[in-house]
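Each of the two complexes below includes chain A, the first together with chain B, the second together with chain C.
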Partner chain A sequence: MRKEVVACFPQWGNYSHAFKFLLERGFNVKYLTPPPITRQTLALGSKYSPDYVCAPFKYCLGCYIEALAQGANCLLQIFGACRLNYYGELAEQILRDLGYDFQFMNMAGIQWLSPKSIMENFKIVNPDVSLVKVAAALPTTLKMIEYIDIVEDYLRRNVGFEVNDGDFDRLYQQFSRDLDTVESRKQLKKIFKSYWQRFRQIPLNKPAKTFKVGMVGDYYTVQEPFSNYFMEKELAKMGMEVYRDMNLTNSIVHNKWRERHKVGKKYAKYNIGATATFTVAEALQFAKQGFDGIIQVKSFGCTPEIDAMPILQNVANDYNIPILHFSFDSQTSEAGVKTRLEAFYDMVAARHQGGKR
Partner chain B sequence: MKKAYLGIDIGSISTKGVVIDAKNQIIASEYLWTEGDPMGAVKRLLKSLQKQIKDQTVQVVAVGTTGSARKLIGAMTNATVVKNEITAHAIGTTTLYPDVNTIFEIGGQDSKIIIVENGFVVDYAMNTLCAAGTGSFLSSQAHRLGVSVAEFGAIALTSKHPTNIAARCTVFAESDLVHKAQMGHKKEDIIAGLCKAVVTNYLNNLGKGKRIKAPIVFQGGVSKNIGVKKAFEEAVGCEVMVDPNGHLMGAFGVAVLAKQAGIERHFNFNVADLDFRTKGFECPKCANHCEIICVYQGNKLLDAWGNKCDNGAVRV
Partner chain C sequence: MKVGIPRALLYYKYEKLWTTFFDECGIEYIISPETNKAIINDAANLAIDETCLPTKILLGHINWLKNQCDYIFIPRVEFVYRAQMCTKFMAQIDLVMNTFRGEHLKFLFYNLYKKGPKAEYKAFKKMGKYLGLKKSVYKYAYYTAKQAQVYYEMFRAQNQLQLLQQPTPQNKVLVVAHAYNIGDKFVGEPILRTLKNLGCRPIIAEYFDARECIQASKQLSRTLPWAYNQHLLGAIALYHEQVDGIVILTTFPCGPDSMVNEMIVRKIKDKPILTLTMDTQDGSAGLETRLESFVDILNFQKERPHA
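== the complex of A and B ==
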């Protein structure tokens, strides 16, 4: 008898519900929701990673090791427009050298125009995979991602103004639990509708003028809260509305890359690689909409995002909007991040007071 | 009884304190080494400040703290204002120099640039992940060359041909310095070269893309180094002002903020005689292993922090 497949994709924001649905309903294998990222995850990942690799790799590797310890035996990695393309291969080799026994589906190795290649790779997960079933599960998966992003967008803008501390967090946890029970698209829609209404009923105490801050940055760091020291939460706690365009919906479900490239063309004529063009375009849009500040978060050594920095400064000068840059590695002092965020808030408040808008 | 306001800036290397009156005049000030013991340093600081104002009939009615140990000392002194050092420095400087446009600040372990327009902070940057071009780098190199940091600046001024020293990174700078010394470069040239390296590093790291406009005020402990001041003036091509109290600017700024906050709580200098202690433990409730710090006065828990989630919350 074959061993039961337990698949796992590294922790990344709150999307594990969608991956779970796709793997369980589409690929017909068990899915292990990766354990939440902790300092232990990062310590494990850093220990076995090349020192100069970017922090997202360290998070993923740490997460794989924790997932393997919890019984996962089939790991997945996506592809990307930067070093990410090599990360699957590198992580797999490191884990094999450590002596782990597992299957690995590296999507960077799939030729997406060749059904044969797709089939071969999907069979790594489940030898009896049915493409029809995967295709049938896909629309619901994508819809789930969209719903998650809709809720999170709302959360970012409003969590700082909740009347009762923790209202949003508590409801979000329930929402998360219910997402994991979804069996059909119809049910998903029902769950979303009921929660969406409840989210919007959470009492808020929002002043007429709020400070709006836009988050931009590299794909992983901006989307995985642990890797940016829960910055969105910190900003919200100070009473700011936080906006972020970069999410799975805007990058994969509805591919906005081309559109973003057009928007940022004045500042970056050519594609600067990975998410940097996206970063520039988003920042530009935030600036045009009269935001009070922009924060760029990136992993230390992320070259495309470094390329975006001087361009962002041009945007900052042209639109008179402050931009703060953060680089994260595995040992960033939390106190330093807090100090800069506090000063950022003071600055935004002072600029407003001084009528600099 | 005249009202007075106390500001304390507890940095990694030095602890600064000022007492100001209602007109923002400094009536007492102290600057001493933190020596890795912020609470002990503040006790010594308070004793000294108390001595300086004991002949005047003043009552401290508000306390502000800033610097990297601001939270700890804020709990200890029951501060009304606990502010980050970027804002504190900006407020201090704009109070004394309302026209200032650029603030250079180099402290013990960090450095910042603050851009001011019409008295308001519009942009700032703080060094990250790197100690090059900070006070602790200068003091360790001074030690290596066998001169005291205090004479460093004066020696630098005597140099006619500053030695070029790699500025990108402290490690490079240090090996470059050793190499140049062994090659026979004069000590004063090397020292002047180091001052230049600090400035180059600072402007490359923090000044990039920033609009550096006069009037410029240079402060923080390193501003006492006249060699660095001169190197700055050469690099930016205009006068760089250094206030005689430039090293106290953070403390001064947070004292002004404490005054402006309008909350009054009578402060008693006998805090310096009370027994404070901290207790750290690792929260066992999840794999985050948050390091939680509890601050006690005697057996009374004053405050606790360090937890990432509610599981590790210590209720006061």
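== the complex of A and C ==
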């Protein structure tokens, strides 16, 4: 008898509900929700990965190892425009050298124009996969991603101003629990509608003038809260509204690449690779909308984001907006991040009082 | 009109192509000098700390060129042999424009942004039109330049093969490094010199035929995205049995190399491998010590092959 397939995709924001739906309803295999990232995950990942590879690879590898220990036997990895393209193969090689037994679906190896290649690769996950089923599950998955992003956007803006501490967190946990039970698109819509209403009803104590901060940065670091040391929460606690455009909705579901490229054209004439074009355009939009500050988070050595840094500095000079660069590796201390954020907040507040804007 | 070509990054790949093109078009050009300490210092001041060393060196060279010529030539390459490039090659133009903003420099762009065989010609066509050349002039110049480049590479590959296959008592060491690292006076030259002084014969992986190497790289890694890394990996796959040891030279913090080097070390188990990482402040003493001990290992293996 064939072994039961337990698939797993590395921890990435709160999107595991969507991946779970796609794999369970579409591919018809069991999905293991990856264990939440802890210090242990990062330590495991950095132990086995090369020295100066970017931090997301370390998180992914650590996550794989933990998932394999919990019984996963089929791992997935996506592809991208930067080093992400090579994550899959290297992670697979490292895990095989460690002696694990598993299946690996590396989407970087799929030729998306050839149905044969797609089928061959999908069969790694489930030999009896039905493309019809996968295609049927896809719209609901994308819709779920969209809903998650809508809720998270609202959360980021308002969580700092809640009257009763922990209202949003509690409701969000319920929301994620219910997302795991979704079976059809209709049900998904119903769940979203009811929760959306409840999110909107949470009492807020918002002053007339709030500080608005825009977050930009590389694909993983900006989206996965652990890898940026829960910066969004930290900023919200100080009473700031946090805005972020980079999420799965804006990059995969509705790709706004052309639009963004046009926006940033004054500063970056050409495509500068991976998410850097996004970063520049977003920062520019934040600056134009009169935000009080921009924070760039990236993993150490992320080439496209480093290339975007001089451009961001020019944007900051032209629009007179403070910008803070964070570069995360496996050893950045939490206290250091907090201190810098506090100093940033103080500066933003002082600028506002001084009436320099 | 005078065009300045920075002696950095892609110059080491396409030296013959560019210089022949400008020669044939009758355009005067100067090439910045070999990398020296002053250029490195300028570079370190201009660039963001985390930028990789070759990009820093590029900024240093452009800084040197800015008062010497009318136009500064900057290439931007997205695809080579239908394969993706590291994003630093895609960002070169914007990086330079933003770093030297406010100095009113004039740039000459060479933008290769498409896959396919005609892409290179289109890039030259655009450049030729910008320079106000006739079609007959730039078209002829391009094809002549392309021929020069192809023959130069062929000649280099044959030479390298000869060096590899000639029987010699010396240790043959395969030096795996990008063209812009191995050709650079500051980065690659000290290593080649030290290896020669230690009685080794350095074989440069970069100089082998690109097409063969890229095909061969599929044996070792199926989904490797970067063209230049495919080239190097393929050279290792083809020739690692004919050499005594492999030296991998990387600059800090090179994105593609950080992953590919790990792959090489994991795949090639039968030859000793030394990984060297260069930075702006590297002294040569540490480098020499490491190379000496590596050569000692090679000698030791030769004396007692089955130990």
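FYI, the second predicted complex is superposed on the first by the 357 of 357 C-alpha atoms of A that agree within 3 Å, B and C clash if a C-alpha of one lies under 4 Å from a C-alpha of the other, contacts with A are read in each partner's own complex, and residues count from 1 in each chain.
Here, a residue touches a chain if its C-beta (ideal position, glycine included) is under 8 Å from a C-beta of that chain, and two chains touch if they have at least 3 such contacts.
All figures in this text were calculated on a predicted structure; none of them were measured in a lab.
Participant: Just from the overlay, do chain B and chain C fit on chain A, or is there a clash?
Facilitator: fit
Participant: When the two structures are overlaid on chain A, which partner does A:Ser327 contact: first (chain B), second (chain C), both, or neither?
Facilitator: Both partners.
Participant: Answer with first, second, both or neither: which of chain B and chain C does A:Tyr86 touch in the superposed model?
Facilitator: Touch partner of A:Tyr86: chain C, not chain B.
Participant: Angle chain B-chain A-chain C between C-alpha centres, in steps of 10 degrees?
Facilitator: Spelled out: centre of chain A as vertex, angle of 80 degrees.
Participant: So in the superposed three-chain picture, is A:Pro50 touching just chain B, just chain C, both, or none of them (first/second/both/neither)?
Facilitator: In the superposition, A:Pro50 contacts chain C only.
Participant: Once chain A of both complexes is superposed, is A:Asn255 in touch with chain B (first), chain C (second), both, or neither?
Facilitator: A:Asn255: touches no partner chain.
Participant: Could you say whether A:Pro310 touches chain B, chain C, both of them, or neither, answering first, second, both or neither?
Facilitator: Both partners, chain B and chain C.
Participant: By residue count, is chain A touched more by chain B or by chain C?
Facilitator: If we count touched residues of chain A for both partners, the winner is C.
Participant: Touching A:Phe300, do we find chain B (first), chain C (second), both, or neither?
Facilitator: In the superposition, A:Phe300 touches chain B and chain C alike.
Participant: With the two structures laid over each other on chain A, which partner does A:Gln289 touch: chain B (first), chain C (second), both, or neither?
Facilitator: neither
Participant: If we overlay the two complexes on their shared chain A, which of chain B and chain C does A:Lys269 touch? Say first, second, both or neither.
Facilitator: Second partner only, chain C.
Participant: After superposing the two complexes on chain A, what is the shortest C-alpha distance between chain B and chain C, in Å?
Facilitator: It is 5 Å, taken between the nearest C-alpha atoms.
Participant: Which chain A residues are contacted by chain C in one complex and by chain B in the other?
Facilitator: Looking at chain A, the two contact sets intersect at 300, 310, 313, 327.
Participant: Touching residues of chain A toward chain C in the complex: what are they?
Facilitator: Per the stated touch rule, the residues are 49-54, 57, 81-83, 85-86, 88-90, 93-94, 97, 106, 108-109, 267-274, 276, 300-304, 306-311, 313-314, 327.
Participant: Can you name the residues of chain C that touch chain A in the complex?
Facilitator: Those in contact with chain A are residues 48, 50-52, 55, 76, 78, 84, 86-88, 90-91, 93-95, 97-99, 101, 111, 113, 221-225, 252-253, 255-256, 258-263, 266-267.
Participant: Under the stated contact criterion, what part of chain B meets chain A in this complex?
Facilitator: Residue positions touching the partner: 68, 83-87, 110, 117-126, 128-129, 208-209, 211, 286-289, 308.
Participant: What residues on chain A touch chain B, complex-wise?
Facilitator: That would be residues 35, 38-41, 230, 300, 310, 313, 316-317, 320, 322, 325-327, 329, 332, 335-336, 338-340, 342-343, 346-347, 350-351, 353-354, 356 of chain A.
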